[in-house]
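Consider the two complexes below, in which chain A is the common component and chain B and chain C are the respective partners.
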Partner chain A sequence: MIEAVRATKKFGRKTVLRNLSMTAEKGQITCLIGINGAGKSTLLKAIMGLTPLSGGQIRIDGAPIGKAVYEKVAFVPDTLPMPPSMTVADSLQFMGDYYSNWNAKRASDLLVFFRLNVSDRISSLSKGNAAKLNLLHGLSLDTDYVLMDEPFSGIDLFSREQIASVFTSDLIEGRGVILTTHEIGEIEHLIDKAVLLDQGEVRREFMCEEMRMAEGKSVIDVMREVYRA
Partner chain B sequence: MNDSGESSTSVPAFNNRDPVYLQVVRHFKVDIATGKLKAGQTIPSRRELAARMNINPNTAQKAYKEMEDQGLIVTEGNAPSKVTSDERVLGAVKDELVAESVAAFVASVRGIGLPSEDLLRIVKRAYEAVMSGDKEGQP
Partner chain C sequence: MNRYLKLVVMELHRFWKIYAALMLLTFLSQFGGLFLTLRSYLTEVKGRMYAESLYDYAAYAEKHGPESFYTMTSRMEPWFTAPVLLCIAALLFYVFMIWYRDWFGKNPFVYRMLMLPTSRMNLYWAKLTAIMVFVLGLVGWQLVLFPLHMALYRSMLPAELAVTQSVESFIHHHSVFQTLIPQTFTEFVLYYGAGLMTVTVLFTSVLIERSYRFKGIAGGLVYAAASLFAMLAPQLVNDGIGFELYPWETFLLLVVIGAVLLALSLGISRYLLIRKITV
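== the complex of A and B ==
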């Protein structure tokens, strides 16, 4: 389980995370929802130890984050962080050289699944293909958790569908996923848990099926209650 | 991402307000009631179902658990799950779906206030027209 316990993050006078507590279980897909500036990306970075907290704590499987976090958690940022002159094949080589938990077999399966061409240069990839390659890098690490920052943002419908199908497959099964989005749309029935953020605070945290069962509300219904109130 | 040869389950359109796993169960019930799924027929694995219906594997798991609890499917050991051969259960599925549809129909026409004989006559005519059309349409 990944836990944020009263996490607070300040940039100067601006408070980006305010006493934020939430959990994400292994084997579940947890979705952080909120408008731009709600604190979603900062929370992911805090979980990865990429930005120090001003207060509170992040715990992964009960332990505070340290170097071991990189063996347990993969992070897929919102843009592909590879040099544009590399080819797709180079980028896989690079990942394999740097990460001891790189799974080359899964990487090649994903290449086929996403129909990516190994000889293409990063600079020439469409936005959709860059997003797929980015996801491929993260998913090909043997980690218990995968964090994804806006995996569906700004890409075409068919790429979104292809990426969504990753969540229904054995690529994710058993792992814990935290993804962020500002629009829930077509992935609503794919996620297990929703955490609604607003101005650095958790406004609602609920299991989607329980919400449908108990109150007959979709995630979007709850979002309307929270953000329009 | 994986597709087996079975094509008995098509992809339903889910609404977001009813629990998805119950919508999956209902989809199976419709397939059973209409004969698309037969007694004793093997159904896709949980993973295949998740991929085919674009749902979370946890949801597929929950749907199968529910169907097992309701006696709709049986799973023995590590063998793939099968539709039950229990005629009583299969008959109950048909009854349940018909009762559900009739309730919805009654709810929508009650305001019109037609005498039941008139209503039944109209239903009978419409039903027979559709059924005879179906027969002619078959190859």
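== the complex of A and C ==
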């Protein structure tokens, strides 16, 4: 389980996360929802130790963040973090060189699935293909958790469909997933848990299926309640 | 190969094109400059021989004396030292860029670098090692070039006009190269130790800036300035207060201050990389 316990993050005078507590379980897809500036990306970065918290803590399976986290949790940021001069093949080689849990077989399956060309340079990839390669890097690591920051942002319909199909495949089965997205409509049926953030605070945290069964409300219905209140 | 060595290889690979260009530029400037200078010198010699009715080079050498390799390079000083100074400037600039290039651009590589399942200090050691390899590589390249330049000097000049000079003697007489290429092991340790310490201070300044951003700019500058002040302190004590230190006391003080700054820079950098760095 990934836990944020009273996580607080300040950038100067601005508080981006305020005593934020939430959990994400293994085997579930947890979606962080909120408008720009709600603290979604900052929370993911804090989980990965890419930005230090001003207060509170992050625990992964009960342990604080350390270098072992990077063999346990894969992070797919909203940009492809590879040098533009690298080719797709170079980037796969890089991942295989540094990560002992790199699954080369899965990487080559995903290359075919996403129709990526190994000789293409990172700098020449379209936004959709860069997002697919980014996802490939994250999913080809044998980790317990995968974090994805806006995996659908700014990419075309067909690429979005391809990426969305990953969520119903065995690629993430059994893993814990935390993703942030603006495009909730397209993936609402895929997510298990929604965490609604506003100004760095958790406004609502609920299991989607339970909400549908108990109150007959979709995620978007709850969002309307929370954000328009 | 362990991850540290892989990171070193990657850092070397990322700079190799610019590095090769610097090496090529040094060769072309020094070799080409020497060639043109020697040719111009020979034209001058022939002109003076004609004007002074000297019939062979031996007679010319007897009257005007031969020209040593050192004198010849003095005639073309900018050709010889400018590329070296350019290399120094480029490497100094790269001390900063080796960090900042990971943050810049639409695909910030720093995300991946900081998420590698290895100690973040390995990133630091790899970058530090790469800078030292670049420095020593360029010095080594210069040592390879000297015999080539000397061979050109001997092949273009008639034997009567040439003076046999060793590489060591040339370096010893040259103001820039005598610092870059120390003559003794102690000098090597001191000069390159000071260089290493300077790089760690600059790395620390960059990491302070990357950790605290706007406040970090001031913090990084203050750290670099305070380090410089600490290194100048023994001299300031001598000059300013009038409290005369013996040369060996000044030297010892400098070594101790340098070692403290090196340790402090490494400690602060480690803390920042593990606890404070922000993407």
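Just so it is clear, the second predicted complex is superposed on the first by the 229 of 229 C-alpha atoms of A that agree within 3 Å, B and C clash if a C-alpha of one lies under 4 Å from a C-alpha of the other, contacts with A are read in each partner's own complex, and residues count from 1 in each chain.
The working rule: a residue touches a chain if its C-beta (ideal position, glycine included) is under 8 Å from a C-beta of that chain, and two chains touch if they have at least 3 such contacts.
The structure presented is a predicted model; accordingly, all values stated were derived computationally and were not measured.
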Once the structures are superposed on A, label A:Thr168 by its partner contacts, choosing first (chain B), second (chain C), both or neither.
-> first
For A:Tyr98, is the partner it touches chain B (first), chain C (second), both, or none of the two (neither)?
-> second
Identify the partner contact of A:Ile29: answer first if only chain B is touched, second if only chain C is, both if each is, neither if none is.
-> first
Of the two partner chains, chain B (first) and chain C (second), which one does A:Ile220 touch, if any: first, second, both, or neither?
-> first
Looking at the overlay, what does A:Gly176 touch: chain B (first), chain C (second), both, or neither?
-> neither
Report for A:Phe113: first if it touches chain B alone, second if chain C alone, otherwise both or neither.
-> first
On chain A, positions contacted by chain B and by chain C | none
Residues of chain B touching chain A in the complex | 1-2, 14-21, 47, 50-51, 53-59, 62
Contact residues on chain C for chain A in the complex?
-> 3, 6, 10, 14, 105-112, 114-120, 214, 275-279
Which part of chain A faces chain B closely enough to touch in the complex?
-> 27-29, 113, 164-173, 188-192, 209, 212-213, 216-221
Name, in rising order, each residue of chain A that touches chain C in their complex.
-> 12, 45, 48-52, 67-68, 70-71, 75, 77, 79-84, 94, 97-100, 122, 130
